[in-house]
Structures are given as C-alpha cells and as structure tokens.
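Structures are listed in the sections that come next.
Note that chain A is present in both complexes that follow, paired respectively with chain B and with chain C.
Then we have the complex of A and B:
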C-alpha cells in the first residue's frame, strides 16, 4: 500500500517534469533584463565580471541576507553542538581515543598544498570583479583550506574566538560600507563611493573589490566556525 | 561533442547519486555523494557558469562531505548500516 503510494507520487513528479522538459526550447535572444545587466554592469559599475557586479552591487542586499543566513546556521550549529563547560572532549578524542592522529601523508601533503589553496582563494576573492569568482566562492575555497589545516594540525593555532571576532568585524565593516553608500552615493551598498578607475585593472569598479574582500573574509570565517564546531 | 560530454557528466551524477543511496558502507556512500557534487560542478563549468561551479566544488563536495564524515565518526556508525 505504502509502496503503491510512493510509486504514484514519483509517477506524478515524472509527468510534471516530462511536461517541463518537452516544452523547453533554448532562448535565441536575450531577455530585456539580461540585456540591461550586460550593458549596464561594465558601463556603470566598471566590473568586467557581470555576475559579481550583480551579486555585490545590484543585489548587494540579497548577498548580505545570504551571509546573515550563513551566520544563523553557524550560530545554531553552535547551540546544538555546544559541549558542557566542564568537560574537554575534543583534545582527548583527537589525540587519544583510538590513538590516531593525522597520518604522515595528510600532514606532509597539507604543507605542500595549503599555501596554494589559500593563495588561490585570495586570488579568486581579489579578482572577483575581473574573472570568474568573487567573495562568496573565494571564501568557500579559503574555508576548505582551513578544513585541511584542521585535519592536519588538530591542536593547531586556529582558535574559535579568533574566527568569531574576524567574522564579526567583517560583517560590521560590510554594513558600514553599505551605510556609507547611503550617505555618499545612491543607496545602501552602492559601489560608487570609490572612483571607478581604469576598466579591467585590479583596483577598479568602485567599492566592489573592497566589499568582495569583506564578504570573502566573512564567508570563510563562518564556514570555518561551522567545521570547527563539528570537529570539537 | 560538448553535448556528449554534458550527457556523460550528467550520467555520472546519476550513477554516483544512486550509489550514495544503495551502498551499505556509510563512508563509501558519503564519498559517493561528494562525487555527485563534483560532477555537478563539472557540468556547471560545461554550461558556462564557472562562478556557481566554484561554490559547488568548494561547499558541496568539500565542506559538506567533511561535515557528514565528522558526523558519521561521532555517531560511531563508521562501518555499515544494517
């Protein structure tokens, strides 16, 4: 009976999606909104990468909301996984337990790969307005580097407090830049508070690189906090 | 050529997704789910969305897989799922 019901539901989804797939045809011309974005982002914002231009300037408030959601996730993971103030299980389980620290392979591999991962993350963040990437993606890359660092050095130098403070400061500066945009330019998170500069150079596109860097730091620190919670 | 490649990658997503459901070993299932994410990232690159692909590769196949692996180890279910 239950199986029959599940089969029925799956078949229903199949009918719906079959209709969607059959009715799909690739657009031959761009929609009006896409044309507007494609001409306006390089001309008005000075960003060569249209996606980052939209994410950080036109949809800047949405991005702030996304980061806020991520912050809530980090906070709620912290609430759920919070350990009792008395016991200290993380060092014990990392070092003792079955007596397995990180293997030699992981430690030596991390020494070679870690600088490259962090460098690539920083490159993606800094070049967000020029090539593919941006603050969010670069922050995720940096966070995966932090993850490898936590695996290779369980008692390493990264402290939970340091990550939290970094994340909070980045968020505060982010909102401050948004308010500056309200005072000196057209609205909240407007990137025209800084001069546009030469199109296609590293320092250009107004405040977009600055916002991208803050976003990258915030996302990287938030994801690292979540991993750190799971590790302990 | 490109279409064959996209079809191949999408088939790989399907296969690794089914493997993630079917496999009894939780670790192997989780690695398979991460693999599905990685193939999804590859398909985004083929469909000319490198920005999304970067986020998918880092978060979907890196961080999410690791968090699940931590959870599996914490709950002690590292061998099989009966």
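Then we have the complex of A and C:
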C-alpha cells in the first residue's frame, strides 16, 4: 500500500517534469537583464568574470545574506550537537581507548598535499574576478584542506576560538566595506570605492577582489567551524 | 545535432530529483533520507544551470578568447549561475543541519531509523 502510494507520487512528479522538459526549447537569445549584466560588469565594474561581478556587486547584499545563513548554520549545528555535561569525557575516552590515530598514509599524504590545497584555495579566491572561482569556491577548497588537517592531526593546533575570531573579523570588515561604499560611492557594497585599475590584471575591478578575499576567509572559517563541530 | 544539450541536462537533473524523492519516501534510515535530499539539491542545480544555456554559448568570463564587444552575444546567461551559488550554499546548510540531527538521533536512541522519533507523530 505504502509502496504503491510512493510510486504514485514519484510517477506524478515524473509526469510533471516530463511535461516541463518536453515543452522546453533551448534558448537562442539572452534576456535583457542578462545582456545588461554582460555589458555592465566588464565596462562599469571592470571584472572579467561576469558571475563574480553579479555575485559580489549587483547581488552583494544577497551574498552577505548567504554568509549570514552559513553563520546561522554553524551556530545551530553547535546548539544541536551541544553535549550534556558528562557526555563529552565518555566520548573522548572511547576515542582514546581504541587508540585509532590516523594512519601513516593519511598523515604523510596530508603533509604533502595540505600546502597545495591551501595554495590552490587562495589562488581561486584571489582570481575570482578574472577566472572561474571566487570567495565561496575558494573558501570551500580551504575548508576541505582544514578537514584533511583535522583527519591527519585529530589533536591538532586548530583552535576553535581562532576560527571564530577570524570569521567575525572578516564579517565585520565585509560590512565596513559595504558602509564605505555607501559613504564614498553609490550605495551599500558598491565596489567603486577603489580605482578600477587595468582590466584583466590581479589588482583591478575596484573593491571586488578585496570583498572576494574577505568572503573567502569568512566562508572558509565558517565551513571549518561546522566541520570542527561535527568532529567533537 | 540531435537532442539539444539543455534538454539532456534538464532530463538528467529531473531524473536525479525523482531518484531523490524516491529515496526520501521509501527509506526510513535518516542517512539515506539525507542522501535523497542531496540528490534533489544536485538535480535542481543542474536544472537551473540548464535553463541558462544559450545555443552555442560559452562561459561568461572575458579573456583573450572572448572580447568585451562580443560578450553580450556569445555567452550563456550568467544569472542562473549566480543563483546556483546561493542554492548550493542553502543545500549545504540543509545537509549540515540534517546530519547534526542524525548524530543527535543516534546519540539518544542508538538507531538511525526515523521510526524512533515518535513524539511528533500524529
């Protein structure tokens, strides 16, 4: 009975989706909004990557909201996983009792790969306005490196407080740049507060690289906090 | 030529969504339900990106291969790509919250089956 009902629901959605796919014809021209973005982002903002230009400048407020969502997730995961008193020592002794540290392979591999991962993450963050990438993507790469670090060094040097402070400072600077945009340029998070520079070079596109770096630091720290919460 | 690329992508994405629905409804193990949600997320991302494809378009990144002048004629729609970044973040958040629920469930009931949660059942 239950199975039949599930089949019915999935088949119903399948019919709806099939209708959507069948009725869809591939687009041949861009919408007026897309054309506006494609001409304005390189010309007005000086960013070669149009998607990053949209994300950080036109939809900058929305991006700030996304970062706030990530912060909220980090906080609520902490609340949900907050252990009762007396629960934690039991967990720690259980982990220590088995004596299952990371294997040689993980530890040596981490030593080789970790610097490369962090370097790649920083590269992706720094070149967000020039090539595919940006704060979110680079931050996720950095956080994956942090995860490997936690696997290789379970009692490692990563402090929860350090991550929290980094994240907070990045967020504060992000909002400060937004307010500077209100004072010196057209509005909140306007990237015209810095000179545009030469199109296509690393230091160009106004405040977009700066915002991208702050975004990358904040996302990387927030994802690391979430991973760290799951570890405990 | 055959079937257009966006049609193939739409079919793939919607199929993933359907598999995700099936997984959520069919299984009682919370980890499998989480995997179902992730499949729905991924499928939806593919669908969103597919709707932004313009025939013969390239990535909206201006470099030697794509001049500023021809940017508005030769690229795909950048708006869905920008929206999908939001969707990915939300999908990640949902997964993280559900995983912490799974940990909580296992810590209190020593099982991963959602049948153990009887308080809020009507």
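In the analysis below, the second predicted complex is superposed on the first by the 218 of 232 C-alpha atoms of A that agree within 3 Å, B and C clash if a C-alpha of one lies under 4 Å from a C-alpha of the other, contacts with A are read in each partner's own complex, and residues count from 1 in each chain.
Methods note: a residue touches a chain if its C-beta (ideal position, glycine included) is under 8 Å from a C-beta of that chain, and two chains touch if they have at least 3 such contacts.
Bear in mind that the values here come from a model prediction, so they are computed numbers and not experimental data.
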Exercise. Given the touch rule stated above, what does A:194 touch, chain B (first), chain C (second), both, or neither?
Worked result: neither
For this session: Classify the contacts of A:217 with the two partner chains as first (chain B alone), second (chain C alone), both, or neither.
Result: neither
For this session: Check the residue A:64 against both partner chains and state whether it touches chain B (first), chain C (second), both, or neither.
Result: neither
Exercise. Is A:51 touching the first partner chain B, the second partner chain C, both, or neither of them?
Worked result: both
Problem set entry | Which of chain B and chain C A:124 touches, first, second, both or neither | first
Exercise. Where does A:147 make contact in the superposed view: on chain B (first), on chain C (second), on both, or on neither?
Worked result: first
Exercise. Now for A:136: first (chain B), second (chain C), both, or neither, which partner does it touch?
Worked result: both
Exercise. Does chain C touch more residues of chain A than chain B does, or is it the other way round?
Worked result: C
For this session: Using the superposition on chain A described above, determine whether A:226 touches chain B (first), chain C (second), both, or neither.
Result: both
For this session: Show which residues of chain A both chain B and chain C reach, each in its own complex.
Result: 49, 51, 132, 136, 226, 230
Exercise. Chain C touches which residues of chain A in the complex?
Worked result: 3, 6, 9-10, 13-14, 17-18, 20-21, 24-31, 33-35, 37-39, 42-43, 48-51, 54-55, 59, 62, 66, 69-70, 72-73, 76-77, 80-81, 87, 130-132, 136, 200, 226, 229-230
Exercise. In the complex of these two chains, what residues of chain A are touching chain B?
Worked result: 49, 51-52, 124, 132-134, 136-137, 140-141, 143-144, 147, 151, 223, 226-227, 230-231
For this session: Write out the stretch or stretches of chain B touching chain A in their complex.
Result: 50-51, 54-55, 58-59, 62-63, 66-67, 70-71, 74
For this session: Would you pull the chain C residues touching chain A in the complex into a rising list?
Result: 4-7, 10-11, 14, 17-18, 21-22, 25-26, 51, 53-55, 59-63, 68, 71-72, 75, 77-79, 81-82, 85-86, 88-90, 92-93, 96-97, 99-101, 103-104, 107
